[in-house]
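When the chains are written out, they are named A, B and C in that same order, and each has its own residue count from 1.
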Amino acid sequence: MPLSLGEIAVRFGCALQGDPDTLVTGVGTLAGAGPDAITFLANSHYRSALPTTRAAAVLLSEADADELGTAAALITDNPYAAYARVAQLLHPPAPWNPGVHPSADVAQDARIAGSAWIGPQAVVEARAHIGERVRVFVGPGCVVGAGVSVGDDTHLIANVTVLNNALLGRRCVMHPGVVIGSDGFGMAPDHGEWLRVPQVGSVRIGDDVDIGANSAVDRGAIEDTVIGDGVKLDNHVQIGHNVRIGAHTVMAARAGVAGSTVIGRRCMIAADSGFVGHLNIADDVVLLARCMITHSISEPGTYGGGLPGDKLRRWQRNAARFRNLDSLVRRLGALEQALERWRRGSDGSGDNDG
Amino acid sequence: MPLSLGEIAVRFGCALQGDPDTLVTGVGTLAGAGPDAITFLANSHYRSALPTTRAAAVLLSEADADELGTAAALITDNPYAAYARVAQLLHPPAPWNPGVHPSADVAQDARIAGSAWIGPQAVVEARAHIGERVRVFVGPGCVVGAGVSVGDDTHLIANVTVLNNALLGRRCVMHPGVVIGSDGFGMAPDHGEWLRVPQVGSVRIGDDVDIGANSAVDRGAIEDTVIGDGVKLDNHVQIGHNVRIGAHTVMAARAGVAGSTVIGRRCMIAADSGFVGHLNIADDVVLLARCMITHSISEPGTYGGGLPGDKLRRWQRNAARFRNLDSLVRRLGALEQALERWRRGSDGSGDNDG
Amino acid sequence: MPLSLGEIAVRFGCALQGDPDTLVTGVGTLAGAGPDAITFLANSHYRSALPTTRAAAVLLSEADADELGTAAALITDNPYAAYARVAQLLHPPAPWNPGVHPSADVAQDARIAGSAWIGPQAVVEARAHIGERVRVFVGPGCVVGAGVSVGDDTHLIANVTVLNNALLGRRCVMHPGVVIGSDGFGMAPDHGEWLRVPQVGSVRIGDDVDIGANSAVDRGAIEDTVIGDGVKLDNHVQIGHNVRIGAHTVMAARAGVAGSTVIGRRCMIAADSGFVGHLNIADDVVLLARCMITHSISEPGTYGGGLPGDKLRRWQRNAARFRNLDSLVRRLGALEQALERWRRGSDGSGDNDG
């Protein structure tokens, strides 16, 4: 559906520099947008594209507005968030007919809200509850286990497995291959073998949670694994049993949290980062890529932990030195002491003062 | 089903301090358990909760028993293993009716044991064999490929793919999203392109093997990929073609093994650890988190390989220095030599002896 | 189908040392091959097995031929590529009957080529196009989304999800659990919460692309994510939104590419390697295992970035020193200056020249 720049300005509190009647029908990049598209500038990296963009309008900050060529300016403090809202209006979810596809397998005592859609070949098991406007988008492989509850307006895209008794909040999106409620990795050593420890907890997921493709959230060993409201997990993220993740924390691809670690609110965890088990992490902690956290963190702060790659020769030389770093430090200490002794000795002789 | 403490003590050889007739109906944590639950103490980290636990009984070691308040003590050398066994009794698998769901697609020449259950919309292909009491739990997306054999009492939870001719042992659990028998990553370089090398081996999985959500075990290039008895793999674990993993080895989340590496028995591989290809790893090797192994290991032992993250400023300063570690060592060597020459020179002059 | 050594020699331009009429019916390893199998030597690591192999013939380079015992030699410059081609002939894909399995769910306006096969319980949505000889091998969980196009001779093995409007080229193989076209991880911060940014781009995949088990390729935020011809991705690979990967680049298991990074042609990316977002990587770049790339690379070259694991004691000592590497360098610098001042002082006194 087309939107006028005037309507956008009013709805989202932007200052408009341009014709309020101009219509936009879609979104584009600064470089690629056509004359009926709206775009945005949130990353100064792309600032140089402002003068030449063919977009109808650009959502951007006041500081950048004067760089614009012919495009109208929609000035806002948070261009990216404003863009997200405009794009949501311009690209509404496709309409659907409520109901249950004849090829889906739904248990008699499952409760399916009248406005929900259960796609082909989905399976909804005993006592499961599916909320209003829920869309089990593309049925195959979507499994809603016994006693599961799926909140209103939540989407299971495809091949999503939600196992027994897990609770999903409202307005969540579970991407393909997501597994919720798999057994935690609880194994008890016993005479050189491993006994499976029954995982009798479940998983509770808040509202507005997104979980990316092929991510997994294990059920708790005894109590539940808990994902707070507004948490966003990227692809291939692994959440161990009994983990608790605070509201509005985001974790990028391949991040992982080992069992029983508790992560605060509004944390930002970059790709390939990980936490060992049984830690407590404060609110507002930021981890850069590849950061491994092995101790609890009690204060907000930013952490690094990845070594950037380097040309092979240099990398190999440095990596080889790393294997002797401890002895290197001892050599340095010995040298410092030798020089110190020396100075004292020499000072005694006084020779070197002249 | 409820158990009396007396029965637990007798079955599992625990020394009971408390009323043998007390019944427990479930499990709980030390902090959360109610008066009809049993719990355990295996990690001294939680010792402080002993005096106040409301649990009916606690499985714990003799050394900890005197810390208990009102709870009965079930004293054992291995509280966690004892807990695992008690929890298995208190939480038996749900009963099921054997058979094949009408929506499942089963090849005419597949052999399905009479006590097995094939859930809705599962697919069992030609010549596949499904053993006694096998449960293809939640059918959708469970694929049992042509010529596959699934041992007695093995469970495929949901969306599990087992491709042609793979052999699964008895009492295994394959969690959702597991892929067994995908092609190994065999690509032959040829004039700047890559030729797919047919992967004609298969996968053999022993008894009592658990494989976690979204893990993958590739089929062998020519001979088979082999997973030994009692191996436990966590989520997102990747096993390359021709790998052999010895019995009772455990691998935590996101660990990976590149092609043709052979890992011994009873190894413990922590999260994010990895092995390059074509290695031989001894029995009883332990890897801590993030450990990358690039050479064969001939003796049992414990290895580390992860650098803990640090506050960003300090991390960045140290990481920058790492890029010059080699030249740093050269500077130190030059300094040592200078001081040595100096001493000799000075000794010659004798000045600094007085 | 059996092949004669003579036929192999002619087809693939090998020099034959042996009886051209000898037939081979399959492949084997140097150590395991029987008398009707062909094998190869591409890795000198296995050279010692040449004299004793029982194989009928060995594909190998001229330099290795004189090591052979009774086996015939098929001499070629690229034994591994020649092996790949021979193995493809000896192990052709199983024949199949074209058509749509009755249990599959195919939209009325989907176009399915006459020679294609859609397996049980697959789902093909509106306006999707399935090319000639496409095999949606094992149907369950295979989802071909609305408007998707799947090129001729491409295989979706099982539980493959291809979401709306993605384009797959010809002769591709998508292994189980692959997800194509999941939403990119686009989240706009807004007053301490995260707004989902609609991902309106798609995915374009070239010809001859293989994608391994449980890998994921996100759709673009605005424009498309693009995977070039002949790209080979191993298992658990993660490709972020707007990424572009050049033709014939290979990426091993668990590698990842963050959003908007552009990777050149013929790159070789080892396991566990990763790229941060918004980079440009030249053609012919090689990354060794665990290499994290944080800056653009403008020239071909080989990069390292993984520290090999070490015995725990030594690793811990070195890792502890790493946390003080910066101060260590400062200490060294101070020492150098002290010695320099000293020398000047001493030279002044002249004492140490004698």
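Definition applied: a contact is a pair of C-beta atoms (placed from the backbone, for glycine too) under 8 Å apart; a residue touches a chain by one contact, two chains touch by 3 or more.
Bear in mind that the values here come from a model prediction, so they are computed numbers and not experimental data.
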Type of chain A:chain B copy interface by residue overlap (half), same or different: different
For chain A placed onto chain C, the superposition rotation in degrees, Cα atoms, nearest 5: 120
Centroid spacing, where centroids are CA-atom means, of chain A and chain B in whole angstrom: 25
Overlap residues in chain B, where contacts from two or more other chains coincide: 103, 121, 140-141, 159, 177, 214, 236, 254, 307-308, 310, 322, 324-325, 328, 332, 335, 339, 351
Chain B partner contacts - residues on chain C that touch it in the complex: 26-29, 32, 45, 78, 80-81, 83-85, 87-88, 90-91, 101, 103, 119-121, 138-141, 157-159, 173, 175-177, 208, 210, 212-214, 230, 232, 234-236, 248, 250, 252-254, 266, 271-272, 289-290, 306-312, 315-316, 319, 322-326, 328-329, 332, 335-336, 339, 343, 351-354
In the complex, chain A residues that touch chain B: 103, 105, 121-123, 125, 140-143, 145, 159, 161, 163, 177, 179, 182-183, 185-190, 192-198, 200, 214-216, 218, 222-223, 236, 238, 240, 254, 256, 258, 273-274, 276, 278, 287-288, 291-295, 301-305, 307-308, 310, 314, 317-318, 320-322, 324-325, 328, 331-332, 335, 338-339, 342, 345-346, 348-349, 351
